[in-house]
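You will see chain A twice below: alongside chain B first, and alongside chain C after that.
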Partner chain A sequence: MALVKPLGDLPFVRANPALRAFVIGAWLGWQIESNWARPLLFAIYAVARPLASALLLVIMYSVITNGATQEPLFAFIFIGNALYIVVSSVVSGISWAVIDDREHYRVMKQLHTAPMSYYSYLIGRGVARVGIGLTSFVITMLVGVVFFQLPIALNTINWGLLILASIVGIIAMQGIGVILGAITMQLASNLWFLGEGTIAALYLFAGAIFPLDVLPEALQPFGMFYPVTYWIELSRRALLGANAPTFHAMGAIPSETLLLILTGMALFMAIASYIVYRLSLHRAKEMGRLDMETSF
Partner chain B sequence: MDSAPAIKTENLGRIYKIRGPKKKGDQKELIALKDVTLEVPRGQLFGLLGPNGAGKTTLIKILCTLLLPTSGTAFVDGLNVATQSQDVRRQISMVSGGETSGFGLLTVEENLWMFARFYGLDNAVAKRRIAEMLEILGISDRARAKISDLSTGLRQKMNFVRGFLTDPNVVFLDEPTLGLDVTAARDVRTFVKQWMQDHPDRTLLLTTHYMAEADELCDRLAIIDKGQVLKDDTPTNLKHGLQQNAIFNLKVQPIGKKPQDNGRIEDVPGVQTVAVRDHAEFSEINLTLQDENVLPAVLTHLGGRGSSLIALEKHEPTLEDVFINLVGRRLDQDTHGQENGASE
Partner chain C sequence: MSAMRSAERVHKAVGASLFWRAMWARAYPRLIGTQREMGWLLSETILPLLGTCGFVFVYKATGAPQEFIGFAVMGGVATAFWLNILWSMASQLYWDKDGGNLELYIISPAPLMSILLGMAIGGFVMAAVRGFSILIIASLLFQVGYQVSNLPLMLLIFFFTMAGLYGLGMMMASVYLAAGREAWHLSNALQEPIYLTSGMYFPVKALGAAVATIASALPLTLGLDGIRQLIFTTQTDIGFLAPEIELLLLIGLTVIFLSAARYSLRKLEEIGRREGRLIERRK
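Let's look at the complex of A and B:
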């Protein structure tokens, strides 16, 4: 993040309201997320919380399977859960940024009278959350490899697939986050729950802790139209390589096809998020909600 | 664009729909602005004077692109605020009084730097201007303090730096001295006056319900109440309109014990406007009379109601008197006649 300040000084960044909003949003997001004045809180948030959630799953799994952590299903669940930490961090983080700006810092007036793109700024705020999410993911995975012997080695990871899928996946997640943020702009109550509630509800449809085929047929389309499902599956494959489980229906689809679907969905989410954001901004200005403070 | 007025509104209207507590369709309408037509030339410090709830903040929000009008049009620097909002924002800045906002975890310097970058200012220019303006406003020693550690006055001064840092063409100050102590408010007013002197081509729109502030700062004033502009002129001309009248401030005790016995003060021939403010021990009456000769009749009337006179003062017309004359109540009463409190 130390790079952000000089990056923001590049002439083409300074001249473009969207780019400068993105860069400054990322800088600000990092300042907020890594507020080291409260290191304990940061550690709890970034490390202890995801670890606790992973360990809870391990315990549940161990009780049910009598400690069969060497089964492919264990790696499936553990990695899926760890990846979903990133999803939760990015998606709910962006909608949370809207709440933060409006209710906590009360800077909506100042931000929306400045000549910058709040849409890009939100994406920038999301980038900081990507950093937090990835940190939590890496720590959780380290615990998985060291203590539960997950079959992952640095030299067997398909880095190309992992990085490509993650870039595309994060674009999709940012899109979902901005859509939730745009909806948050309209809400006067229950706004705190929108981001986290939605992401928690979608946890069941992402193929994170169980394959989509386990779901009733009527619910499976939710997972199929959720970009995160594809990102988790691709990342899992990239991490496990030849050890990737193939016992579920999605396991039979080639990675190239999954990547193509994910790219299409990410593109759709990026476009949809911009449209939803613009509509929501217009509506908020129409209704006088842009800088409302609800004290909820 | 240069020939266009800095601010122009034509029949600007804004209605808020307020949802009822129960049914979804149960909506009420609140008219915040009604047919507001204004023109502010470049280089003017223009004031909007009105009580709480008059529509001042609503007007500023529309001009700052935070709110869409329900009807009419508004232009800032020749740009339509509804359709060219991004272009408008390049020309303006806004500072609101009584704000406790800000990214509390950032330092004053960081917060200002961030906003300077939002406006596309070069890093070196931003830093130089921040240092200069913090010095001017006397808070350079707090540059590295976290915003959350600042008092209201210091935070407001920092907001001022933010507002002027980007060298805007049009500045909107919404109740800029609200909640400030006397010294901080004076510093802010001094800064505003100096800035206008140093930048004669820039325009500043100020809303206030402090008449002394409006009188001291503004080149021109619009008096606004219940969403309508009632009069728009220089402070001198506004007061001059009352010059031929006699204006008195009376303190009486008690008032209103037998209000029905001999009618209202307003009914006394020659009384133009009456504004009463009740205090614990006495009532204060602002009277505008046709001329001094009406006063004996008013005093007789008050005596008839059982009121005894504590003090009587004749004074030159103030903006408060102008306001009372136009609206029929004091400036420190909101649109419902309550003393302050209500928001816009």
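Let's look at the complex of A and C:
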């Protein structure tokens, strides 16, 4: 992330206001997230939560199965949970950026009167969260491989699928994050709930920590409308290769088809995020909510 | 002058009366706020409820016995209380400092301990409404049955768990006064790690005797373990310690945390005054 600031000085970045706002948003996001503590302390904080949530699931699983961590369900739960760390970091992170700017740092007026695109800036803030989320994901996976013998090796990972699915998946997540952030701009109370509530609700439908088959039948289709479900499934397949367990109906769909659906969804989210952002900005200005300080 | 003389003399509360009235005055906005801002009640009930549903489905996926679904539901209830401790007790004085209320508390004649107790009473009521809503909704959704084997003992364990927990919250509030921007991150970092170490969603015994013993420094650990033993009687081998012993330990923890809260509040107020940090606002 230290490279981001010099990036902002590149001529083509300086010449493009949207790109400049994006780079500055990413740099600022990283500074806000990380500069309150020494690097080691920050690293401990960054991994404490995800690692604890992974171990919580490991113990719940082990209590019931007497520690059968070699079963495919274990890898399914562990990897799904680790991947969802990235999802929650990006999706709720952007709406938190809006809350921070408006309520905590009280800089909404300055940000909206400066010659920059707040939309691009928000995406930049989301990128900083991607960095934090990916760091936590890698550490959690290392713990899984070293201590719980997850069947993953560097030479068996389908890197092409993993990278491609992740780029498309992160675009979709950024889209969801910006939509939530944009709606947050319009709210006068319970600002934090939108991002956090969405993340918690979608945790149930993403097939992250349990197969979708476990959900009541009427709720199962909800997961199929959510891009994160596809990203988690594809990443799990890329990481586990032939060991990837197949539980839900989604297991029967080829990876190419899943990637195609995910790409369509990412494209839709990217366009929708811009439209929702423009509408929300207009509405927030009309209602006087843009720089409102509610102390909620 | 004559108008002033003829005005009814205002009764000024002092000593215990001042403490009592300041305590209820601080509890008041929380008690009334619960009724006025129903959106809060809804949002703070839904979040732990969704988390609880997630853990219930994990147990369902692994084919766990029905009692374990109940364990997860009890964990959801405990989550409501723990989140209240972190965000409405521990962080509160830090937020009050940020919002400019702390200096008003300090220049008023009311003892700060009464403010903290008021926060705890109001916070407990807020969290209890959410906790019991989660208990009822999740129990109905997942058809969890409870069979209380010793009601008085269970109520005593619940009472001292809450007393100890809010004592801990009061102590943390004082400690957070010394924290700057770290307060926010500290509260964030104390969520999942505490869910893990206190055995919120599984019997704490599964962590092994050494870890469970250390985790017993947290009232939630002992309280949950004791209550689970008393309401899930078909699972005989889930307890870490006998409920009676856990009650005695909880009484001890309550005394320790309340005393520590009083001491740390005085100490940190003194340090804060000396270093001029009581009214500083660092973003």
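Some notes on this structure:
The rule we apply is simple: the second predicted complex is superposed on the first by the 287 of 296 C-alpha atoms of A that agree within 3 Å, B and C clash if a C-alpha of one lies under 4 Å from a C-alpha of the other, contacts with A are read in each partner's own complex, and residues count from 1 in each chain.
Here is the rule we go by: a contact is a pair of C-beta atoms (placed from the backbone, for glycine too) under 8 Å apart; a residue touches a chain by one contact, two chains touch by 3 or more.
Quick caveat: nothing in here was measured; it's all calculated off a predicted structure.
Steric overlap between chain B and chain C is absent once the structures are superposed on chain A; the two fit side by side. In the superposed model, A:214 lies in contact with chain C only, and not with chain B. Residue contacts after overlaying the shared chain place A:105 against chain B and chain C alike.
By the touch criterion stated above, A:162 is placed in contact with neither chain B nor chain C. In the overlay built on the shared chain, the residue A:52 is in contact with chain C alone; chain B does not reach it.
When both complexes are overlaid on chain A, the residue A:142 reaches neither chain B nor chain C.
Residue contacts after overlaying the shared chain place A:24 against chain B, while chain C stays out of touching range.
Applying the stated contact rule after C-alpha superposition, one finds that A:152 touches neither chain B nor chain C.
When the two structures are aligned on the shared chain, A:267 is found in touch with neither chain B nor chain C. Between chain B and chain C, the smallest C-alpha to C-alpha distance in the superposed model amounts to 5 Å. The contact surfaces that chain B and chain C form on chain A in the two complexes overlap at residues 37, 105. Residue ranges on chain C touching chain A, taken from their complex, read 37, 39-40, 43, 46-47, 50-51, 53-55, 57-64, 68, 99, 180-182, 185, 188-189, 191-193, 195-196, 201-203, 206-207, 283. Of all residues in chain A, those touching chain B in their complex are 5, 8-9, 14-15, 17, 20-21, 23-24, 27-28, 31-32, 35, 37, 105-107, 109-116, 282, 285-288, 290-291. Chain B contributes residues 16-17, 61, 64-68, 86, 89-90, 92-94, 96, 99-106, 110, 114-115, 117-123, 162 to its touches with chain A in the complex. Of all residues in chain A, those touching chain C in their complex are 36-37, 45, 48-50, 52-53, 55-57, 59-65, 73, 77, 104-105, 189-190, 193, 196-197, 200-201, 203-204, 209-211, 214-215, 295.
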